[in-house]
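Here chain A shows up in two complexes: once beside chain B, once beside chain C.
The block that comes next holds the complex of A and B.
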């Protein structure tokens, strides 16, 4: 049986003025139903672009998929006509946005937004809102988004995405607008719902700690590429790509007492900055001459010529 | 009862909005009910042959429908705050249309009844008259240029001479020599409310003319605002949402229309032959056709902003069609400027109509508008003041309503919890 979501060789370009640049290069991974895959990386590494390219819902209409394939339950999405893709949005692919304040319509009541477009028997706003753990669903349903607290709004947004029972859920930093405790609660809810209903969940975050806690597998992105993809347990135990290792070392939550928290030196390459060789080379302590000449490809889960050793 | 308490509660929350709405609705209801408010024909009379309803019998089909809408308009502040507003908003007009059609079917088309005929023929027959028992075109030559009858200076003796010998504000008018002719249904010779706003040169009651004139002015304002709203929404929506070529085309069209002076456009059309009985609608249409640009420009700007909004992207993510996203998600967020622009335009249109009437290119006598009344009454203060006041009131009411609606439309400005 094929995976729920299979992406391979995906290249996506954005427009900047009259120029175009690749924001995603040769991205590929597979996701099983019921699985949670976290995508981590510094901001600007292309995580949002990756999520947007699946339902082909770019903020900028100029953005486009240049190459590659996106298969949802065996069906190719990359070349699908817009109207057929639209039929999949919402019903097969659910989206959870980062900023619920902006993603909810300010002038429509929450209950109305949650049930909009649903068939009559599915359109039970109270049940849908109760499912995401809203304490007073009736009050929330009658409220306008600005009348709810940040956490309640995020739950409402979650209810919106879950209402149509999509097979695949895409969440772009769903908790980075919330405080950490609330964020953890919402993430637990999201992952719990995905597991319970057998949905696949792609969870984008820039906090590797969150990714390791909530996901089964983690993909690490750098400058538009996946540099390492591994199970959360493996990655936590022994990252192989120097960038993953640096990310883990820079995670304040994982820094043990007494140990120094290590920021990654240098900064990520600017969008569209042309480079040969490994994009991480300027910041990599292990870089050698070959790294600036050749580009490492993702092989058995890691894109590096000189990966860190796997401890026996 | 509980519902009534709820409605009054919501009035208390936004007294300004409800006051403005009540004022606009009261004015429009008055206009719609004009045949029952000021009429020379009795509302009811008992002739030996049976009962008759002259005021109603002379209404045309459209007027019957508008009359049936009057209570709906008057009660709008009540039902707009109630839980059944959706049902009432559509149900009542549908019912009114049905009743008007049945009325047409059962009673047949309207009867033409010459002004004043009933009053002379009535004699002693029992009859019920409108609160203002004068028609807009009913003349009474025995009372030309009579000031408001609650003024001491307007008192007339048995012979029809002013008791004070001269009307102070009349600039030394010739005194009426004939006896005042008090006809059936009319207040007594010197009753304070005989001509509460005075009369004009032909002895036409000014109050009746203000009521009917306001009806025409308000019609022009509302109808042209609706035309502007519909046209502006369609074209502005197209430009703002589609962008590209549609935007360029609409923007050029807006500039073109803006270059063409509004007043001149109406004068041109009226002189080419838009007058006659349909003049009200001609003026409204021309004003609407040139007034849509304000609405269109605002909506275009709003949609250009909204189509980038994240909730629009989120709505796309839910698989909604583009049309649904515009209508259900984007438009409600752009409503505030539309509402304000439309209400302001309703006020402006009434003023422009007044200017047209003032220039003498407006409605044809005996039809008049508030502006036309001001023009026709320059000889006497009372003939300028009263229609002018009503015109100012109507314009201010519409502008107030626009502002209050704008605040109310923005839930962030809406007070209270859910």
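The block that comes next holds the complex of A and C.
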């Protein structure tokens, strides 16, 4: 049986003025049904672009897929005509956004937004809202987004994404606008729903600790590429790419009290900045001459010429 | 909402008085003497010194500005024939704006301004209403279309056209329409007045057709400037709405693009347009002065224009007070509509 989602060689470009630059380069991974894959990386590493490229809903309409393939249950999405792709949005691919305040239309009632586009028999706003644990679904359905709390709005957004029981759920930092306790609740809800319904879930986040807790596999992105992809357990035990190791070391939750917070020296390359060799080399303690000359490709889950040793 | 409305209502009177004061002063600071205007007394040729004196004292033009302003506001008539307390004969005690009395014309003392204004408004208001509706009917779809098709070849052409229309002065546009479509050009449409000579003999249906044909060019001249302005505003707020995340959410539900644009983007984009709807009102009133003069239409605009030429202070003040009052009320109405249309304000 083929994977639910298979991406390979994906290149996406953004426009800046009249010029174009690659925001994603040669990105590839596979996701099984019922699996949770976390994509972690710094701001600007291309993780949101990766998510947006699947239903082809870029924030900037000028962005476009340059090369590569995105297969959903065996069907090629890259190059699929807009009307056919639209039929898949909502029904096969559900999206959860970061900021529910911005993602919900301020002048339409929540219930209407959740059931919009559903067939009449499926359009039960109360049931959909109750499913995501909203305490008073009737009140929430009749309310406008600004009348709900942040956590309730995020739940409503989740109900909207789950409404048509899509096979694939894409969540772009679904908790970073919430406080940690609420964030954990929403994530548990999200992962629970994915597991129950056998959905595949791609969870984009910049918190590696959160990714390790909730995902089965984790893809680490840097400057538009996946630099390491491994199971959460493996990555937590022994990261192989120096960037993954640095990210883990920089996780505040893993820093012991009194210990110095291990920040990564330097800063990520600016969007569109192009250099030969490994993009992480200038910040990498293990970089050698070869790293600045040649670009390492993702091989057996790690894109590095000198990976950290796997402990026996 | 209640407190907001009360505050807005409380501001209405000071704003109105402020506007009347500015107009009152502007009219009197302008050069020229209403007593010396042309055609003061056509039967006796040049006015005598005694005539001028009588005219000035009758209209209090020889009194201090403060007395003149109070007389204009009323409600106690300060003129020689007015309120006895103020030294008048008591013949005509109530007058002034606050007594809802606009007085009589300087030029034709037997004409009550309120009645004349009513007659003129019956001509101007339908024209302005048609122009306003026409401007909105075209501007909203055009603005929304421009935003959706931003940067396309045809949209750029429309943007240039709108920018040009917005920039060219109304009188020039009106003259151009007269030259282009009138008797000296294509002669497709009449360019003078609202009725043909002998229109009163036409049957009801023909009479209406005649009126509509006469109205087309004036309405166009009135509407085009506002239309361009509105369309540009709608385009701007539509572009802003289209960039919002809720538009992407709407697309992520698999909704047809038409629904995304109309229900999600346009609905939000039109909220600020409610206020704009009112902001074009003064533009339409101002435009009617030019358009009615050029097309020879006996409406309020031409009334104001004639009064300006004649320095008929009473008429100028009455027309301005009326437009100020209507504009203030409409602004208030627009704010209430806006609050009603936006649930974030309605359910604060």
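Basically, the second predicted complex is superposed on the first by the 309 of 312 C-alpha atoms of A that agree within 3 Å, B and C clash if a C-alpha of one lies under 4 Å from a C-alpha of the other, contacts with A are read in each partner's own complex, and residues count from 1 in each chain.
As a convention for this text, a residue touches a chain if its C-beta (ideal position, glycine included) is under 8 Å from a C-beta of that chain, and two chains touch if they have at least 3 such contacts.
Not measured: the values here are computed from a predicted model.
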Should chain B and chain C be called a clash or a fit once both complexes are overlaid on chain A? clash
Is A:137 contacted by the first partner chain B, the second partner chain C, both or neither? neither
Chain B versus chain C as contact partner of A:95, first or second or both or neither: both
Chain B versus chain C as contact partner of A:55, first or second or both or neither: both
So, does A:224 touch the first partner chain B, the second partner chain C, both, or neither? neither
With the touch criterion stated at the top, can you tell me which chain A residues are shared between the chain B interface and the chain C interface? 55, 57, 59, 86-91, 93-95, 97, 99, 102-108, 116-117, 144, 146-147, 157, 160
Spell out the part of chain A that touches chain C in their complex, as residue ranges. 55, 57, 59, 86-91, 93-95, 97, 99, 102-108, 113, 116-117, 144, 146-147, 157, 160-161, 163
Listed in rising order, chain C residues that touch chain A in their complex are 244-246, 248-257, 259, 263-264, 267-268, 271, 341-344, 347
Give every residue of chain B touching chain A within the complex, in rising order. 308-311, 313-321, 324, 328-329, 332-333, 335, 409-412, 414, 417-418
Complex interface listing, chain A residues touching chain B: 55, 57, 59, 86-91, 93-95, 97, 99, 102-108, 116-117, 139-140, 142-144, 146-147, 157, 160, 164
